[in-house]
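Have a look at these structures, which come just after this line.
Two complexes, one shared chain (subunit A), two partners (subunit B, subunit C).
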Partner chain A sequence: MNPRKKFIVSHAPFWHNGSNIPERSYHTLLAALPAVVVGLHYWGMAAVAVVSLSISSAILWELAINKVTKKTVTIGDGNAALIGLLFAMLLPATTPWWAVLTGTFVAVVLGKQIFGGIGGNSFSPVVLSVAMLSISWPHLFDFDGMLVNYDLDFVMVYPLAAVKHFGAGTAADFSFGDLLTGRQVGGIGATFGLGLIAGGIYLIVRGFIRWEISISFLAGIFVAALIFNLIDPTRWAGPMFHLLTGYTLVGAFFLATDDSSSPVNFVPMLIYGAAGGVLTVLIRSIGAFEDGVIYAVLVINLVQPLLDKIRPKALGKVV
Partner chain B sequence: MSSKKHLQLAYGLAIVLLVVGVGSYAYTALTATVLDEPVRIQFKSVAGKVLYSHKMHTAETGYGFACYDCHHHPEDDETSLRACGDCHQGPLEEGVVLESCLECHDSDEVEDTEITKMGDAFHSKCIQCHQEAEAGPEECSQCHVL
Partner chain C sequence: MLKKSFVGIIKPRLEYQPLTGSISEPILIPPPSTARLLVEGPVEERDTSLFSEGDPITAGQPLRHSGQTDAYAVATVSGTVGTISAYTGDFGKVFTAVTLLRSEEKTEQPDPVVSTPPSLDTALAHLKHLPGTLPLEKFTDQTKPIHTIVIYGGDNDILVTTNQYIVKARTTVLEHGVVSLKQITGVDRIVLAVPGEAVQTFGHLEAEVKKVDMAYPSAFPQMILHTVLGQTLPAGKSCEDLGFCFVTAEAVASLGEAYKTGHYPVRKLITVINKAEKQQLVSAVIGTPLSDIFQQLGITVQDGDRIIVGGPMTGSAVYLEDYPVMPDTSAVVVQDKDAIALVSDYPCINCGECVRTCPVYVPINMLVRLLEAGLYEEAADQYDLYSCIGCGLCSFICPSKIPIYQFIRLAKYELERMKSAEETNESS
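Presenting the complex of A and B:
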């Protein structure tokens, strides 16, 4: 006889432990806030406009689709607000209003509601939206072009563009101190490394995201970048540079960890995260794009149903 | 927090941030000023974009070039110098006069409409200057980003 008790079920009444979707959403919003606040500090009123409009329009798009489809109003769960904030974090501060409205529409309606709402989406809504917008209007995600009129007291060149086009030697222009403290060109909420790491650790400690995905994503980036760097240090930048630039940290802690588009078991989560990290570096190093996080996360989102089939199979997944 | 309060919070967030967002967009649009001198300029060409730091070339802490080291029209008024792209738009069809010319001149005053196209003007100016100073990029891939 196996004496181990696997699962104990008792009869009613049950006591809810208080954990729910709104709590999850608002804690994630809170975790992202330090990175956003530092972004607003550097990029000013233009960034305030983008972040505010993004959050409000995401909520309003969700409300509109709830009304049109005559379903229960779900904006109270905070997920739409979270989508709006995460989407804004990836944008340059000078993004025009129409692009923000289009992006939140794509994220909330095409990325989430069309699949039946929260929990049914195959892809991270934010990642899907950024991918679609960056293909439709590539200039909107050309940080060098979008931020030409900013004159801040740090290197005003998008680090990943510099390294990709002018060689790994340019990585030396960017100090790790600057990269960690948000003193780099990039998305409004994607540049403050320390804030993103702190937010990520908070979410992991509170159990809102799984460390397996974030850590394996970062490990995948580190190892792949290290291999490229060892092969040709003049052509490919080192692993620490890749960890602190572009969408790496926001991707590891806020995008790849999206609930319904990531696997649930230990080994699948490790494979999922590591594959995302490796793909990111592959795209950055030998692909066509400067940053690879968006397409890497899209691809791992795509394979996650297969990963969930690794035994023991995930229970209760609908995607 | 009850679900009703969550809903109220979401409505509140949507309304407040909509007002802040629209207000901030309006504020940035209304207070936007044309800079006396551009900070950086991104030139776009079929051979790839070029990010040019105007400030680094002109600032005293940078290379400290005078305006007339590059700009040359009008010759007698530094405060109303034209941007490169205002004139270097060629090749133009014969007889066509640029709008930027007509801002100051009558059409019959404009005799020479054969203006070097921008790419040629830049290549000549940038490379020549970098060669003379023995500094700065000279190869295509050191400036152009595909």
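Presenting the complex of A and C:
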């Protein structure tokens, strides 16, 4: 008798559409790249150092925690690198090395791995880390102070700080062309509006992020800012200004859309995004902080499980 | 294998393959020298007085392995009984495997049962395992009377064209089968559901003809009930609870052939999907080892390949190359070892692809978390475990490659086990 052939047996279905997690991470990295490159162009080698250190340290923290907890090494899925890049995009170019290391530690270890790794985190790791760092060392996120030694050929004032402290009239100093092309003070990868929009559209079209979240986030900002602006145009800047400054675009396309901390059903996604947008403008307009994206995203991350209870009734459900 | 499209915002849509154009005849596989039948039930409980090794057997003769149960298989070749052994299938289901050694002389005598007028009792004892399987036992439950029989003229799974061929090429026996089915079951309302566009051509059948969408999984009984017949199946209930019974077109055609010719039909139509995902219809005697079919079609299988009985989305993998063609084998898929998509133990990243692709709106992202933790009862109570119709689309698109559908089936199986254990405890 012939030796029996050994076949693979497994469970249905026997097909897979080939999607995977590394693909999602690497394409998100790719989508963020234009904004980062333009940022590096304006902010120079200091920014290169911050981005490099951030990505590499995020990967190393993940590797370290994998080793310590004796789990499979997961740095190959690209999520740690993505966290590192997104974190660097929010930092001013002159961030000291220890802050970068601390930030990526908070993001990867406290933000993600403590919850059990990818998919377990209830907050966007990057947002959580920026929130903790900006409370602990507020001067690190004071862009005017941090970037005081730069003298580039555009208005060297952080737009959101300007309108916060000197009234909405200062918004006129910033042309939309400058804001869209990265000619503004801000985080390394958060200033090049066109690049962020292009990256966001790419991610939406490829299906790596949910358009419902990004669009409703931006719509929330637009509507809320418009209302404030209509009430008192001298105190509150217009909606387009809010859309193109601070962390708005990076928040809409890269932070609020973090898979594990955002809802999956249609209506909850719309509420989640819109709530984030409105909160952002509320914090910017009547809150204590210059930019509201970070705390707005934290709050919507927090209510996500509750929002996802709004779901279509399953077919045949008897209640 | 269908891959994710570049434009990922568009929901993946798996389509059934329509059988169009000139239909080529299925390839005829010669009767096997050794046929293998699987009778439900453990080999240890076999009543040796019913049949034993070396007994002569004629095609069309039912083989019961025990007087205790109704389970039987029908001999599809004439000859003698060879070996009798045990076989274990999915979820530990046990069978008695019987080999039949075919002898050359042909028996041309008409089958005694199908030569008499149709009745439910004789059909139950003899015709349950016609090619395509006829679920006749569902008509015996007085508490759940069946008022509508739905004949589906297509196949559940993608790429499979077995029943579509029957509907297009074997209309006369199908027509005869509809009449016999009415006589046997006494059910008046027969609905013929057919895939896609070819609705007009069935006017002569004594049945209502309905059209079924071509998007997978529209052909699942639950989906046909919902979209075509306007009935929503409550979670955890079966179609029979609502008075509907689903049968395949092939079973009805086999029934028609049996009563028309007076011979028990032994050939099963199978869609064979080879490693290049090319389909071929073959006609093989039930009990033919799959290896015979592969040999005839020039398909080579090696270590590490996968042989799937049923379609690529809902079939089940078998571990024997000699696994026999069964009365319900509508398709056989062979996958090359390099083409096999493996599952992983990665956690759910909550991307929500599954939730948005589920045809019955099960919150799979939550469900899978409970199932991974073994919380089956909670999963059933809170996250609609029993609404799942088993199409497998969630596993198909999961970026983490979680075997979601496997978790779901395991959960249903475990809950069923718990339930029967409780019932045994109560009665004792």
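The rule is short, and it goes like this: the second predicted complex is superposed on the first by the 299 of 319 C-alpha atoms of A that agree within 3 Å, B and C clash if a C-alpha of one lies under 4 Å from a C-alpha of the other, contacts with A are read in each partner's own complex, and residues count from 1 in each chain.
The rule is short, and it goes like this: a contact is a pair of C-beta atoms (placed from the backbone, for glycine too) under 8 Å apart; a residue touches a chain by one contact, two chains touch by 3 or more.
As the structure is a prediction and not an experimental result, all values here were calculated from the model.
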- Task: In the overlay, answer first, second, both or neither for which of subunit B and subunit C A:Trp211 touches.
- Result: second
- Message: If we overlay the two complexes on their shared chain A, which of subunit B and subunit C does A:Gly120 touch? Say first, second, both or neither.
- Response: second
- Query: Which holds for A:Asn66: it touches subunit B only (first), subunit C only (second), both, or neither?
  - Reply: neither
- Query: Looking at subunit A, does subunit C or subunit B touch more of its residues?
  - Reply: C
- Query: Between subunit B (first) and subunit C (second), which, if any, makes contact with A:Lys6: first, second, both or neither?
  - Reply: second
- Query: First (subunit B), second (subunit C), both or neither: which does A:Met45 touch?
  - Reply: first
- Look at A:Asp259 in the shared chain and tell me whether it touches subunit B only, subunit C only, both, or neither; answer first, second, both or neither. second
- Task: State whether A:Thr181 touches subunit B only (first), subunit C only (second), both chains, or neither.
- Result: neither
- Item | subunit B and subunit C footprints on subunit A, overlapping residues | 77
- Task: Sort out for me which residues of subunit A touch subunit C in the complex.
- Result: 4-21, 23-24, 77, 116-120, 204-208, 210-211, 259-265, 308, 311-318
- Note on the structure: Note: in the complex, subunit C contacts subunit A through residues 1-4, 6-10, 12, 222, 226, 232-237, 301-308, 310, 312-321, 333, 335, 337, 340-343, 346-353, 355-356, 359-363, 365-366, 384, 386-387, 392-393, 395-401, 403, 405-406, 409
- Query: Touching subunit B in the complex: which residues of subunit A?
  - Reply: 22, 45-46, 48-57, 59-60, 63, 73, 75-78, 80-81, 97, 142, 144-145, 148-151, 156-157, 161, 165-166
- Item | In the complex, subunit B residues that touch subunit A | 1, 3, 6-7, 9-11, 13-18, 20-22, 24-25, 27-28, 35, 38-42, 49, 51, 53, 55, 141-142, 145-146
